[in-house]
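Both complexes shown next keep subunit A, but they swap its partner, so subunit B is in the first and subunit C is in the second.
On to the complex of A and B.
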């Protein structure tokens, strides 16, 4: 049974990180917006829902919805304060945002317990249905990831989705056709924020433990390498990339190595994958667009 | 008390200014944000530690670390940056490349040297000077002296020499400089050697003053980057000013805030500058010119 549990665990991790990669694909792959705020947004989502669950008596469903709305709002606010910046500078502001969230989570000890982390976060519960065992969580999380995937595919192939892709390719054309590029940008970053905070919620309530290191620079490298491996602007490719990047470094776990070395090698693999793909095929394996 | 703050500001500020100068010199000539620069600089500290531990004389160790870092810099340029430069890769691609390279170098250090803090042992006794209730160690005096003198040398060689004129022409109008017969690749190589040397000095001074940790690289990159943004990324002396200002703000903040917030202050300054004054304190261009 041990080995089954291990596979279920990997599957759950896959579904959580898929959400982050899909979210990044929406903003970078389809929208051309280099949004590095995702780990910060995931931390906000994870902390909001964990703290609300631990400190209030609100039902999980309500907390879930509140956190998602908050994620959308934060993404929307980021789009408002960066509405004149693109390319490099958007990446830098959102990068700084991730670090600010991290520093707050680490130092606002009266609220987040800092580096000690939040233990015993309850498992998800909807109405009377308590999601407790590994298999239940596995099914529930896959359901969510699947719904998100379908929603994104629907969105991207809708007229609005075309506008989102036009944001990447030719912003002027959107304005000429009577749509407001800033509103589309806000929508993209908002949805991206919502999906990242969703990933944060799922992470915290699965592991029942959360600390400021849960999402950070390492996850950013993971997301980017999954995205470039699978391909920008292709959600199926992005999922495949996520899957491969979770599976491949897992083999390291079975080698007799100290844990810091496993972590370091993992990051080395991810960063090498990015460098190699940028070198040979900047679109990614299934990618449709070229950022340069 | 205030004297001690000023002394400390000169120590940290001098270091930040030095690294920031190399950072913005690289940024302005290579036209991409070198997110790997901090990790690269820390390599020099680790090399010195390594040469020390095999009982090489201290001075020889320092010279060897300089050489190794310059060779490493040239290798990175020859095998990686040059290819992307020839391909005229877009700024987003270069940003991702820099980020991946930084993570790669940092985790390489972690994999080789492990997560424990290493300290560089000195061949002489570190005397402490006490005056007016403040203290200053010999090493700190050396740090201040070397960083200040190196800043002056760099400043004059860029603004007062013929060679500096060539570099500045390459920064302000690369195409025109090439038409007028500047050998671009040759200048690139020389700048790389020079910035590698700055990185080596900065990394070694940092290692001696604060000890070595694999994650110090990212920390240093963020400080350098924030300093450069404060002074204006495209204005070289600005980064020196930014470095000293950042050092001063950090040391002042310790008086009012818990010391854990010292790093948080950096991110908040970075964030505020990116949003409200992305061209830095001396920048003339407005936000609008950054879009598109």
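On to the complex of A and C.
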């Protein structure tokens, strides 16, 4: 049964990272907002939910909701602070945000235990239903990812989604049509924050362990690569990109190679896929838009 | 009451006085043109009226209410405009580009999930009818980035017209378009006026301006140097001097 557990594990990782890639697709692919705060928001979600679970008696369902609201609020605040910034500057400030969250998690030892990390984070539990085994977690996480996917598709193909995409294409032109761009940005970054913190919750309560390195620069590269591979502004593409970037490097494990080679080879293959795809299909597999 | 009033509007960029104490009044139901040589400050004045730029001095009054410091999107509830360099939503198709003219009750985080395509049928009919009228034949699914220059101009114009407004501001609507499209635009604008619309347009094409306008403002070096009915403006020595002479 080892092999099944291994696939369930990969599946769970896929569902967690799908949330981050979908979240990034909403802000960057559809909203045109170069939001690099996602790992920071995921850390906030993961720490909030873990600490509340470890230090209070609140039921998990309540913690879950509080954490999601917090994720939305932090995304919303980021939108207020960065309102006038576009493109590179927004990327810089939101990347700075991720770095600040990381630094806090590392140095606020009385709360987070710093680099030692938080062990024994409990598994999710809703009302009386304790989600414990690998397969239960697998099903529960897929359900969540599926709901999020449906929600985002509905959003994107609604008039609200149309305005979000119009904001990406031309902020002034959408203002002239009577939409307040700040309102749209707040919404996009808020939802993006909520989804990232959701990914953080699922991650911490699956692995039962969390430290400041759980989400960082590596995840950012993964998210953006998956997005560009699958194609910006297409959620199916986002999922496919995530899937391929998990599966292809993973399959190296089964080659008869020494382990020190596998690590390096993984990075090389990883970069190679991206170069090849971007070479032959610069908009990604499903992508429709041009951000320049 | 005047629809729109500018009172001593001024705006400088560094040392350049792009707009210099411009005052003007616009009444409902007429076509106004704003003419003047390159760099006269016409587009800057448009940007001030629509809220892209705040003036250094002066007031903007709409139906008696001062709106000098309103945001762009707030003024949009009574003002439609196009741009000298056409702005469309390049990754969206023509249908979405035009549906954006209309507000939707579903454009809201609490209601978007109730949205169904049938709620837009009526708007799509309005759009199709208008496009027919102007003989615009590109398929709805074409992306805005794929259409020709003239079509892009028409698309932007259509969006501005279909959007609810009390004044329609067009920055060089016929610049660079072929004769056929120019005629189409002339016809649309005439029809709009017949229906009571108020139009303010910037244009370099004198024949077009003199033919279509009820009233003309002339700017030069930031100042409003003349105004009046087309036939008076045509023979105004100041205008010949500052504008037609410079051509």
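Everything that follows uses one rule, which is that the second predicted complex is superposed on the first by the 261 of 292 C-alpha atoms of A that agree within 3 Å, B and C clash if a C-alpha of one lies under 4 Å from a C-alpha of the other, contacts with A are read in each partner's own complex, and residues count from 1 in each chain.
The criterion applied here is as follows: a contact is a pair of C-beta atoms (placed from the backbone, for glycine too) under 8 Å apart; a residue touches a chain by one contact, two chains touch by 3 or more.
What you see is a predicted model; the values in this text were computed from it and never measured.
Novice: Looking at the overlay, does A:187 come into contact with subunit B only (first), subunit C only (second), both, or neither?
Specialist: A:187 contacts subunit C only, not subunit B.
Novice: Determine, for the superposed model, which of the two partners subunit B and subunit C contacts more residues of subunit A.
Specialist: In the superposed model, B touches more residues of subunit A.
Novice: By the touch definition at the top of the document, which applies to A:176: first (subunit B), second (subunit C), both, or neither?
Specialist: Only subunit C is touched by A:176; subunit B is not.
Novice: Let me test your reading of the model: by the given contact rule, A:59 touches which partner, first (subunit B), second (subunit C), both or neither?
Specialist: Touch partners of A:59: none, neither subunit B nor subunit C.
Novice: Answer with first, second, both or neither: which of subunit B and subunit C does A:119 touch in the superposed model?
Specialist: neither
Novice: Where on subunit A do subunit B and subunit C both make contact?
Specialist: The overlap between the subunit B and subunit C interfaces on subunit A is empty, containing no residue.
Novice: Which residues of subunit B touch subunit A in the complex?
Specialist: By the definition above, subunit B touches subunit A via 33, 80, 83-84, 87-93, 95-97, 99-101, 103-104, 106-108, 110-111, 114-115, 218, 222, 225, 229, 258, 260-261, 263-264, 267-268, 270-271, 274-275, 278, 287-288, 290-292.
Novice: Where on subunit A is subunit C touching in the complex?
Specialist: Within the complex, subunit A contacts subunit C at residues 151, 154-155, 158-163, 165-166, 168-170, 172-181, 187, 233, 288-290.
Novice: Using the touch definition from the top, list the residues of subunit C that touch subunit A in their complex.
Specialist: 50, 52, 71-73, 76-77, 80-81, 83, 87-92, 96, 99-101, 103-104, 106-109, 112-113, 115, 120, 145, 159, 163
Novice: In the complex of these two chains, what residues of subunit A are touching subunit B?
Specialist: 34, 81-82, 84-89, 91-93, 96-97, 99-100, 103-104, 106-107, 171, 217-218, 220-221, 224-225, 228, 260-261, 263-265, 267-268, 270-272, 274-275, 278-279, 282, 291-292
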